[in-house]
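Presented below are the structures under discussion, each in the form of structure tokens.
There are two complexes below, and they share chain A, which is joined by chain B in the first and by chain C in the second.
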Partner chain A sequence: MAEMVTKEKNKLSFKEHVAAAFTKENIAKVIFIIFAAFSILAVFAIIIFMLAESIPAFREIGIIDFLFGSVWNPSSDSYGIFPMILTSLVLTVLSVVIGSVLAVFTAIFIVFYCPKKLKKIYTQMVNLLAGIPSIVYAYFGFEMIKPIIEDLSGRTFGYGILLSTIILSIMILPTIASITKNSLENVPAQYYEGSLALGNTKNQTVFKVMVPAAKNGILAAIILGIGRAVGETMAVQFLLGGSVVYPTDFIISISSLTSKIAQEFGESSGLQRQALIAIGFVLLVIILIINLALWLVKRNNAIAGNSVFTRKIKESDIEHTAPNYKRTGTLQDALRIVSYVIACLVAVALLSIVVYVLVKGLPEITVDNLFGRSTNSNPTLAPAFVTTLYIIVISLVIALPLGIGAAIYLNEYSKRGSKFVNTLRLFIDTLAGVPSILFGLFGYIFFAKMFGGACILAGALTIVLMILPTIIRSTEQSLSEVPDSMREASYALGAGKLRTIFRVVLPQALPGIITAIILSIGRIVGESAALIYTAGSNFLMPNGVLDSGSTFAVFMFQLQSEGLDTKYLAYAAGAVLIIIVLLLNILIMVLENYFKNKAANKKGAIRRFVDKLRKKEVKDAQN
Partner chain B sequence: MRKIENFNIQGDVAISVKDMNLYYGTFHALKNINMEFPVRQLTAMIGPSGCGKSTLIKSLNRMNDLIEGCKITGEIKIGDTNIYERKTDLARLRKNVGMVFQRPNPLAMSVYDNIAYGPRTFGVRSKSVLDGIVEQSLRGAAMWEEVKDRLNKSALGLSGGQQQRLCIARSLAVEPQILLMDEPTSALDPISTGKIEELCTELKNRVTIIMVTHNMQQAFRIADKTAYFLLGEMVEMGDTKELWAHPKNKKTDDYINGRFG
Partner chain C sequence: MKRIGKIVAVAAACAALAGSVAAFSACGSGDVITIAGSTSVQPLMSELADAYYEKTGVTVKVDGGGSGVGISKAQDGTVDLGMASKEVTDKGVTPIQIATDGIALIVSADSALEEVSKQEVYDLYANHTAIQNIVTDAVSRDSSSGTREAFMELIELETIYAGQPELTSQDAVIENVAASDKVIGYCSLEALAGNTTIKGVSYKENATDTAVAPTTENVASGAYTLARPFNIVYNTENGLSDLVNDFIDFIFSDEGAAIIEANGQVVVADSRS
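On to the complex of A and B.
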């Protein structure tokens, strides 16, 4: 009898247990985990599908012949990519070396030497440089820099590594500069004080203490720059020329891995298309290796001692003579001047790009060119407005919940440093590092085929994968800035975790989420490589989301490649793109100021209160 | 390259402060300070938070220059040099007036490079000379035995107390004439504090030490002279024992007897 009672009790408690497992809180947690794991799924899907589509090419051509063959000639079915591998390597090394030097000095200028009033504007300017779409860089290089190279060198065509290096260095500069800037700003202020107190000049302190202390951050920035340089497609496609030869000259028509894909994929079929996807797979492997390196650098962020001085002091080595103390620091004084000069150069580069594109494009912006009826023979930009808007809305509607959910899991639920979380971060970072041309290929293989051809929906889904890491990171960053005391206050009032997250934490993180949205819009507007094979590239007004359509950047790409009689419209598209990017940047700046002021007002109130208390205390003490 | 000269200090006074006023923007932080710091003695500055003692110590090697809107009138003389003259050489000033901060601030380098950093700044390149300086300075800070086998390891891996003694050794490495210490033990445990106090009593035979401290027992234990600050004014200064036994000012009496602060 007694046994039965216990059994019944057990049964009940089991039921209760099941019921407890399906509470709102637990279901929400599972959903957040699934959202977070989506990035892992995406990376695996990209790897597997790319590999599967490349295998036929590897089989047919042979891996060795493919990787190390010298001839690429689709009409005779020869597909050797070795010259392109070498070209990509040379191009990456050159532009990363030049871009990193420029970027690090630019960051040093911003953090330590820029006059206070100029600092905001200058930082914003570098951000703007990051926001300019590849296709605009391509156009600037093609129209502005190429003729200069032709004049100076006396060659008929200015295509090649020199031209691409110039543009690519400017393109990767903002990425490297902004990360370097962050790590320089994160060097503890005590180092600065400590070094000055030992009699160092400001310049010595900057170059001997602050920059070396930020070296891990700078290294991470450079590796990220390598990733961007390897994966950049649209700009180099216009600037390299397109022949497949070994990189023996700086001014010679040539192809890199990415430029070859962009050049031939649209009109390819059969083995040629498979070979191009196989190039994409090779690129993917390279990118994965770079990401792994980045991950290792980031993980290894403990600051080690300088290993240059490996010897021990032997007592017999010691000379007890009073040294002559002299003034030093000329080298650092010179480096400071270098940072000024480079900062000026960067400003000039940016201004010339913006001014050039606007001067050429603004006159072409007419009501008819913008909103007229678009046909293939007489295109206008009207379809681009509609398509771009479609893609922005669809991809944000999908990516925002996914990204915010993942960020909530990472910041609110996960155990810091657990294996799952580390893996998750590795995959999110990997996804962030995948070049857009690979998203384009994957989107073509996966989404476009799913919908029976390129269409806006396929393009938007491809874009979701691309902007997801930005949204996760930005949201997570602002979630982590919400003080724990707020969460504790909410729990202490009896609120559950979900309520705390949605009522207390998320509203505080709103600035980060809004920034993420604007950054994503910027990326979508400027994107061409990921959309051209997924959303399509025609000039007609789309009929709904299952029809194909071109965004601004894709439009510009098509007009640019198709010939002279439509070029005026490419100029107009370029100007529209620059104006949108400018507006988005201004919007971010305004919002940041708004949120900062809001926070400052709160802080100010607290400080005034504390001051009041203190004054009262002192008065009491005096009496 | 110009040679860096020492300050010409003759007589008993290392630093003299005359009619000094200091403003942070519109806030009058130090009011009409007149005081003299004796040579090769340890002078402690005490007083409640916000009384201006840290501000004063920072103006002795012009670290206040880093703070925006900081304005100073009057004069501060080291030997016969007014350090607030326009042509003042900051490198020379800070080489000869070393500073130890409230929180230990070793640089992100090895122990060896931390010590060698100052001498290298002033053009000492020879390895054997640097080795000598590193050993002497570490011995001077009574930590040679602790770290001689880990000179290549990061200084950031040392304990808090060791880091602070390393910072003292780092200051000693350029042979300063004066050493400023801004609450050097406030972030440390009692044992590390004891070691640093011991070190200070030894060092003051060679270097003039000026120390800001929150801890009145500490001032009583190790300071030759003590100055009491309140609300930006120097209330009273005298021999430590004398000050504790017979404070002239009632405010000082209240403070050291715990009726205030």
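On to the complex of A and C.
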């Protein structure tokens, strides 16, 4: 009898236990963890599927012959990629060296030398440069820079490493510049003031104190730049020329790993296709190594300063112009002039690209070209509007909950510095570093095959993986800026964790989420490499999400293809793209100002309230 | 109240978005024929497809991909018809030739080069030997191009000299040729029509022959030998559905022939039994 009672008790407590485990709070937590772990799943899926698809090629060709062979000739089934590996290496080193020098000086100019009024405009300009789609850079390089190289060198063809390096270094400049700018701004202001107080000139302070103090951040920026340079596809495919030879000359038709994939994948089958996917896998391994290096650099990224020196340059109101006490430091003075010159160069580069696209494209923007009925032989941009819209909506609907959920887990639930969180961050960063051509290959292997061919849904799902890291990072950033006192106040009022997150914390993080959405739209609009093989490249109006369709950037790529006399439409698509990118940039700026003003108003309200209180106190005291 | 307003606003925005998407994609439904393959055949097929849509309302979707992709997609039955710009001997598919296409050797409009022999072309492409001291460089298509495959077969080329630009599109070939009077390239004959920046070069098999100009008449008569077939292929096992058969009937009709001729190709007889 007694036994039975205890059993009953046990049963009950078990039930209770189960009930306790399945509260709303706990279920929510598990969901957030799953969302956060999705990035890990995605990275593993990419690695495993790419490997599985390349194994036949490795087996057929032989790993040594594949990696170190020097002949690529699909018609005789020889697939050696060593010249392409070397070309990718040379191209990356050259463009990263040039790009980093340009970018670091640009960042120094923005932080220390730019007049206050210009600063905002110039920062926006660099952001704009980051937003220009690579296909636009490709057209610009092909039509504007290539003839110049041909004229100056006297060669018949301007294709090759020189041409690609010029364009690629401009392309990776914004990435490196903006991260360098952030790390320079995070150097404690006391360093700056201390150096000036010791009698250094401003230029000496900038180049001998501030830049070395930010070196870790700059290193991280450069590694990120390397990742971008290695993975860039569409631009170099237009500019390299396409033959497989060793990089013995700067102006010779040549191929890199990515350009070969883009050049042949669309029209390949059988062993050739497997070999191209195997190139993708080699690229993936390189990218993973770069990401690991980045992670190691970031891990001991102890930014200069400590708990005493916490006032950052960006927060301080110090006037950045100090008098020169004496004429010393000529090298630093020269470097300052260099930074001015480079800043001007960057501005000229951006302006010429924008002007080129608009001059070529604006005359072609007609109602008929934009909205007319699109046929196979006479395409218009109407399908591009629909396809782009479809992909934006579908991918955001899927990626936003995933990304926000992951961000909530990282900021609200996880223990800072725990192993799981560190791994999670490593994988999110890895996902962010995967070049879009690899997303394209994976999307083709996985999603497009799942739906029996390229379609908009497959494209959108591929894009989800691409924009997820952006959404997670941006949301997490703004979640972390919500003061803890707000959470505490919410708990004090009796709200549960879930309610606190959704009612108190998340609304405060809205600016970050909106920024993430806009950034994602920018990436989707400009994307070509990830979409060509997943969403298709048809010129007809898509008939639902299981049909193929092409976005503006894919249109621009495709219109370059055989026999169709439709280049004017590519210019129109380019102009539309630039206008969209411009609008998105302006939108971000406006929203930032709006939220800043709103916050300032709130602060103002509190101050007014405090003032009132004080007045009342004074009054009371007087009475 | 404010929240309800917000929800209504968001819902309205979503509805508007969905509505516009639906409205845009509403046009074009019903029967669809899917075609994919050679990008050389693609422009001609696109014209045929569009004319057929105007006539019957049947949508014909034409995708590129290259001859190899066209054949393999027809083999697994993922498309109704594959396009191939070369002879087809692959298993499981039956080819139907719909036209003959000439391959023109092109130079820039102001080049002094008028005629070339097969040996000269071979020497330039294989060994980088200048043609008549006028043309010193050549451009080629990438290795998955059907035009390149046909060209290399006709000239009996095995490899091309290293460092020769291998371009992904006919447009890029034409632009490079037009930009310099020292460059020769090859492209589909139809690209010559209406293009004033480039010109076709007369071609002879042997040095002692008379060179023949690249025109559709000469391709039709067989005098101009740089030519290849435009084929469509279908899955032999699945056969042709009535829908597809009607479209092929249209290709071989007078209307179809007019389109093929206007597009710069040579009409051939219907080989279907």
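Observations, loosely collected:
Assume the second predicted complex is superposed on the first by the 563 of 623 C-alpha atoms of A that agree within 3 Å, B and C clash if a C-alpha of one lies under 4 Å from a C-alpha of the other, contacts with A are read in each partner's own complex, and residues count from 1 in each chain.
The rule is short, and it goes like this: contacts are C-beta pairs under 8 Å (C-beta built on N, C-alpha and C of every residue); 3 or more make two chains touch, one makes a residue touch a chain.
None of these values were measured; they are calculated from a predicted model.
Touch criterion met: A:A197 reaches chain B, while chain C stays clear of it.
Legend: residue contacts after superposition of the two complexes on their common chain; A:S485 is shown touching neither chain B nor chain C.
Of the two partner chains placed by superposition, only chain C is touched by A:Q272; chain B is not. Contacts of A:E264 after superposition: chain C is touched, whereas chain B is not reached. In the superposition on chain A, A:P188 contacts chain B only, with no contact to chain C. Between chain B and chain C, the partner in contact with more residues of chain A is C.
Residue overlap on chain A between the chain B contacts of one complex and the chain C contacts of the other is empty.
Touching chain B in their complex are the following residues of chain A: 187-188, 190-191, 193-201, 204, 208-209, 212-213, 303-307, 309-310, 312-313, 315, 317-329, 614, 618, 621. Only residues 1-4, 48, 50, 61, 63, 66, 90-95, 98-99, 101, 103, 105-113, 117-124, 126-129, 131-136, 148-149, 151-157, 167, 170-171, 174-175, 231, 260-261 of chain B touch chain A when the two sit together in their complex. Residue ranges on chain A touching chain C, taken from their complex, read 72-75, 147, 150, 156-157, 159, 237, 241-243, 245, 249, 252-254, 263-264, 266-270, 272, 373, 375-378, 382, 385-386, 389-390, 393, 452-453, 536-538, 540-544, 548, 558, 560-564, 567. Within the complex formed with chain A, the residues of chain C that make contact are 17, 20-21, 24-25, 27-29, 32, 39-40, 42-43, 45-47, 49-50, 53, 59-66, 68-69, 71-72, 78, 136-137, 139, 142-145, 149, 152, 159-160, 162-172, 176, 179-180, 182-183, 188, 190-191.
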